[in-house]
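The structure follows.
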Amino acid sequence: MQMFVERWKAKCRIQNQLVRMLLCEFVATAFLIFVGLAVEVQAQFNSHPANSSSIGWGLALVFAVQMAFPLSGGHLNPAVSLSAWSFGNLPFAHFLLYSIAQTAGAFIGAALTYLIYFDKIAEFDGGARAVYGPKATAAVFATYPGPHLSLLGSIIDQTSCTAVLCFIIGIITDKHNRIPTVAQPVMMGMMLTVICMAFGMNAGNAMNPARDFGPRLFTLMAGYGWEVFSYNSYKWFWVPILCPLFGAIVGSWAYQLIISAQIGPTEEEEERSLSPDQSVTKS
Amino acid sequence: MQMFVERWKAKCRIQNQLVRMLLCEFVATAFLIFVGLAVEVQAQFNSHPANSSSIGWGLALVFAVQMAFPLSGGHLNPAVSLSAWSFGNLPFAHFLLYSIAQTAGAFIGAALTYLIYFDKIAEFDGGARAVYGPKATAAVFATYPGPHLSLLGSIIDQTSCTAVLCFIIGIITDKHNRIPTVAQPVMMGMMLTVICMAFGMNAGNAMNPARDFGPRLFTLMAGYGWEVFSYNSYKWFWVPILCPLFGAIVGSWAYQLIISAQIGPTEEEEERSLSPDQSVTKS
Amino acid sequence: MQMFVERWKAKCRIQNQLVRMLLCEFVATAFLIFVGLAVEVQAQFNSHPANSSSIGWGLALVFAVQMAFPLSGGHLNPAVSLSAWSFGNLPFAHFLLYSIAQTAGAFIGAALTYLIYFDKIAEFDGGARAVYGPKATAAVFATYPGPHLSLLGSIIDQTSCTAVLCFIIGIITDKHNRIPTVAQPVMMGMMLTVICMAFGMNAGNAMNPARDFGPRLFTLMAGYGWEVFSYNSYKWFWVPILCPLFGAIVGSWAYQLIISAQIGPTEEEEERSLSPDQSVTKS
Amino acid sequence: MQMFVERWKAKCRIQNQLVRMLLCEFVATAFLIFVGLAVEVQAQFNSHPANSSSIGWGLALVFAVQMAFPLSGGHLNPAVSLSAWSFGNLPFAHFLLYSIAQTAGAFIGAALTYLIYFDKIAEFDGGARAVYGPKATAAVFATYPGPHLSLLGSIIDQTSCTAVLCFIIGIITDKHNRIPTVAQPVMMGMMLTVICMAFGMNAGNAMNPARDFGPRLFTLMAGYGWEVFSYNSYKWFWVPILCPLFGAIVGSWAYQLIISAQIGPTEEEEERSLSPDQSVTKS
């Protein structure tokens, strides 16, 4: 009977490795956005006031990253994929395909949240599907800046948040830190939780073009109207698309050149680390 | 003296392995429901407003799973047992017996919560034991849908939640992910926390026929009246019994065929993994 | 220079092992109660409404247990020591000495919390030091039952909570579960958090004669008056002293006889586990 | 392409090890204060009421310590560096340089928080930048004691908090406890969370001269006026500078002499631990 599963798995296995990786990114991003936006719905309607949505997003990321880690690396974010390209770990064409898969995944994730909470949203807004006003629910799906935020402020915000994100990813994945592979997804979740707790107030820290554009496109198609793009006189929707790409490069290179370059082993240490006993005695 | 314990343990050891496993499922489910419902009581009476009931349920699951993991697998849920059957890991008769043990455990768990919080409930409702109205406490034990939820919405909700649950169980237990056995119960707890944070608002995410039916039966016997079943014109009580069974199959197979099939090792890799050094160098 | 520390450490090392162990229990219990009661002060004055006091107590226990784990076992609780005695792991005389050390530690811990928050308490009650009324602060130190709780209810509550506590300690420390020693203090903390989240509402889940009696004695000496003992017509103060002792025996033996006896290895398995390869392949 | 990164890293590598270490302390402290103060901003404006700022600070510390751990030890705090000097692990000149690097890092961290939340602060106070009154925001950056706190109380508070901090650092880093290096930053975060939950109410538990003085200096330069130093008739600003230095010595030596000296191995055990098999069988 166990063989029954294995036979079906063998049948469903995609031969092309790139397609397998894109599927992984697609499903994992859809999962992350489905669960994360559902957390946002509960926060918006305040159903369990003691639930921290920052912890909810963090835990959603743990499983999303774990799912895609072994095959595609678990980027789930075009900005992260771009920084992987800048390090030479991903061909540029793959970066483009990853971005499309991630954005499509985020679109589907938003649709799933919309489906599961359709009745709740309908009860709240009576079918209005508004971006502004007391019945607005669009901010559950895509991010919208607080009224206090200037355009310059929003550019600084999205660039800085994503730089911090990629700086911490650098810490977690740095080989010198010897963090076990199985612990890395959990630490990624802790990273997202603290970033949400620190930087969520300005503009919901999207830090991810796919996470923001995919659900925004979905809300357009779900009847929220063109305001999802024209919000703030067109001075917002492109910010969480472009700034994270720039911030990711800044943050990940900053980690490599400022910290990793310093903690890296000297040549002498490197030679010693080639001896097999080393890893046994140190771990 | 230590031998004194060991002698008693030897005496209490049940010879039949199936009975041992059923006892484990029974006790672990009773533990989970006892602690989880007590968390619900505190949330309902808001005694510590900063306590997240999602985290409480998650932590209760950690120990419930850990308890039953080594012997019976720690299903604690007929839906999970059904998916284990569908993979060929559990005979159908065992699935039925597991379900009975789990439901009986959930019944006893609810009784224990009722016992320990009897004075509190009595103070609040003056002995009314109501399903509806300002003195209602039935929702502490079994789940009841929010007033916004349509029948179709509740079916989608219970199916989807349980599918997500079993999808994540797939991630955690997938051998390719090499998550250590001792870490798996903790990750199961993190899973339940995030699911509660994301999907608790519609209908309390039962996702478990035993967790819902056992306590519902208990409330019937504890004087809450037939309304515990007739609630919403009989358009609810069977939803968290049937839909999770279906959702579990969908979610666990989806993980196997969409993700696990892709990340699984190629034949080439499998051969290499037979060499004993592999596991040493990778871990 | 490092030798300078080592020389002082050597001088401060107590020769008698029992005295060393008692010192450890004393200091670790004082630490737990100092930090835990400070968490209670913040909860009472609601200074950071989002802080869960259940998580605060749990984290305090992590470090208290870790501190005393290697030498004295980290009981920090006469009820836990009693169950260790009942298993033959602690002579009865040691149980008595442990209990005294733990109670003295809890007394000192309460004094330290009083010292650090003296100004805050003075500002709040103007020096009244009351057990009852709007200016009462005694419940920060020792536990007092909610007004809903009957005497029978409080006996059931304290016995059940402590039984659950010792049941979970059984799970965490059971050798069959192979939880690494370094992870056990963290799991103890998770245990206390979930118990506080589930069972704190009735009477503050003392579950520990030292944790309750030590601070109660301190409040008597700090000017709270004899009411700290006469509260509720003398129908409370002895409940969290006696019931935890009984509950601990029930819970820890229940785990051994119901669960551990079943998951324990068969003789056949035991023989196999003697082979050194076993541990390597399983871990 | 990967070589492209490595070449740049080699170019950026600083030859002088002390400078490398100071850079690490500088960047890690700036990171900690940037993220931690951003958490404070969110707490002040209560944007996500369920977010515990104690958990936010703890998670920020996890990554700050992890970043600097392998090279400079991750002190991030002159008080911690002083206690390292007192143990003979750091030359006095290095302690002074570390302190300057940490204070400069905290200054830059405060500036980054100010930059990213400039629009929010401006909206709230209309440019007033006040230390007192309903539009005060200075307490987001440096700590200010509660109105209940006397001078003696504030000295006791800052000394005790830092003593607890360094006592727990002793527990976490004690070799006898065998806590794996990769787990130590996470436990440091848990430590900071519980200390914030227990001791934050009196005066915001700075426990760190750099964390308090650096941001205080920044607020002076950012237009908050001399009141940041003259607050409370000059009876505060030096308390979180001097008392933590004293408290750190007390706490770290107390751990070594009271606990570590007792749990340390006897000479006999030490000899046995020289055998290589030991570590394998115990871990």
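First chain written, first letter: the chains are A, B, C and D, and each begins at residue 1.
Everything below uses one rule, namely that a contact is a pair of C-beta atoms (placed from the backbone, for glycine too) under 8 Å apart; a residue touches a chain by one contact, two chains touch by 3 or more.
If you're wondering where the values come from, they're calculated on a predicted model, not measured in any experiment.
Interface of subunit C with subunit D: the two copies contact each other largely through different residue positions, with under half of all numbers used appearing on both sides. Chain centre most remote from that of subunit D: B (centre = mean of CA atoms). Here the CA centre of subunit B is 40 Å from the CA centre of subunit D. Averaged C-alpha coordinates put the centre of subunit B at 29 Å from the centre of subunit C.
In subunit C, the positions touching at least two other chains are 49-53, 55, 180. Across the interface of their complex, subunit A is touched by residues 1-5, 8-10, 12-14, 20, 23-24, 27, 31, 34-36, 38-39, 41-42, 45, 47-53, 55-56, 59-60, 62-63, 66-67, 69-71, 112, 115-120, 122-123, 180-182 of subunit D.
By the touch criterion stated above, subunit C contacts subunit B in their complex at residues 43, 49-55, 87-89, 146-150, 153, 156-157, 160, 164, 167-168, 171-172, 176-180, 183, 187, 190-191, 193-202, 256-264, 283.
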